[in-house]
Amino acid sequence: MSHTRKNKAQLLNRVRRIGGQVEAVERALLDEVECAKVMQLVASVRGAMNGLMAELIEEHVRNHIVAAPEMALEGEGDGHHHDPNEATDELMSVVRAYLK
Amino acid sequence: MSHTRKNKAQLLNRVRRIGGQVEAVERALLDEVECAKVMQLVASVRGAMNGLMAELIEEHVRNHIVAAPEMALEGEGDGHHHDPNEATDELMSVVRAYLK
Amino acid sequence: MSHTRKNKAQLLNRVRRIGGQVEAVERALLDEVECAKVMQLVASVRGAMNGLMAELIEEHVRNHIVAAPEMALEGEGDGHHHDPNEATDELMSVVRAYLK
Amino acid sequence: MSHTRKNKAQLLNRVRRIGGQVEAVERALLDEVECAKVMQLVASVRGAMNGLMAELIEEHVRNHIVAAPEMALEGEGDGHHHDPNEATDELMSVVRAYLK
């Protein structure tokens, strides 16, 4: 069971709020608002995206790395991520994209 | 004239693409896709946001700082940004938000 | 055994190279080099720091989270990090500092 | 006159503090300190580097872009940066490196 299902509602709320923020940037451009204001709106979307990514990283580590041995014993889950090293590879590809 | 009007169409395209990417994240969560995939989608939205911000920064510097003296002479524009120092203050508040 | 001991030499080389890069920034300021050049030197130090952090994050996850159950069985190590959740807390405090 | 000369002492202090922080990371590795602590030290060096870069960016914009017309009139300076567009190109190459 992909861990995102557990906190699905919470993650969906975050993403929908971000969608709303992106629409606010679009409206600001359509309304030819001061570009300093547009830059602030874009900066706040980035902050929200960073918050979402931190949430996903934490869930990935706790559910696919920390809990991997336990899930393997119980035979539960989607069969992919009982290998904590594979889950670590996936984590690191995102971390390195952020830490270029 | 806020500089965003000059490149309005181009900026709007960028923002709408980003909106589409955020919707893709939402769909991935709804479809309970592998969280590694969700993280990659979020990382690509961040990359697109960074590209948009770089575009806005460059426009802000060229139109509200470099071109300020010229615009002041011509009496053109929205009356706000003929003061390049004020425009620099606005730029730096965004830069410092990114360089925390 | 803190995982940094295992790759100590490699990590020390990275940090010493970064120290050398910081000294290069200092020299550039002393020599009143073009500020664009100073900015490039600072940007390259940041790149090297990001590479070092990615290395430390990967080691922390593999040695203190993935290997935690095994180390707990063998009774090896420094007694701190056989709790993968505690190690995840430490990881997330760094991740959230980067993802503000 | 490269703007870094004006605030040379202040910038040098910042860089030397960062040098000291990098040495602290080196000592922590030599002393095999907990890797969570090493990660925190590296995160604080990054914060200091970001502060230095924001300082350099602000100076570059105010001295080589905002002040360019004035400096061109007075015939002062190092002959490079009386072209605010060239100085903007230099600024954007650093901004885009940070906003990958």
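Residue numbering begins at 1 within each chain, and the chains themselves are lettered A, B, C and D in the order written.
Simple rule for what comes next: a residue touches a chain if its C-beta (ideal position, glycine included) is under 8 Å from a C-beta of that chain, and two chains touch if they have at least 3 such contacts.
The chain lineup, named per UniProt: A, B, C, D = Metal/formaldehyde-sensitive transcriptional repressor.
It should be emphasised that the depicted structure is a prediction, and the values quoted were computed from it without experimental measurement.
Q: Tell me, which chains sit next to both chain B and chain D?
A: Chains in contact with chain B as well as chain D: not a single one.
Q: Report back the single chain whose CA centre is most distant from the CA centre of chain A.
A: D
Q: Centroid from C-alpha atoms only, then distance chain A to chain D, rounded to Å. What do you get?
A: Chain centres of chain A and chain D, defined by C-alpha means, are spaced 31 Å apart.
Q: Suppose each chain is reduced to the average of its Cα coordinates; what separation in Å results between chain A and chain C?
A: That gives a centre separation of 23 Å.
Q: Would you mind pulling out the distance in Å between where the CA atoms of chain A average out and where those of chain B do?
A: The mean C-alpha positions of chain A and chain B differ by 21 Å.
Q: For chain C, which residues are shared contacts with two or more other chains?
A: Touching at least two other chains: 47, 50, 53, 57, 91, 98, 100.
Q: Pairs of chains that touch, anyone?
A: So, checking each combination of chains, I get A-B, A-C, B-D, C-D as the touching pairs.
Q: In the complex formed with chain A, which residues of chain B make contact?
A: Residues in contact with chain A: 2-5, 8, 11-12, 15-16, 18-19, 22-23, 25-26, 29-30, 32-36, 38-40, 42-43, 45-47, 49-50, 52-53, 56-57, 59-60, 63-64, 78, 80, 87, 90-91, 93-94, 97-98.
Q: Show which residues of chain A lie in contact with chain C when the two form their complex.
A: So the residues of chain A touching chain C come out as 47, 50-51, 53-54, 57-58, 61-62, 65-66, 69, 84-85, 88, 91-92, 95-96, 98-100.
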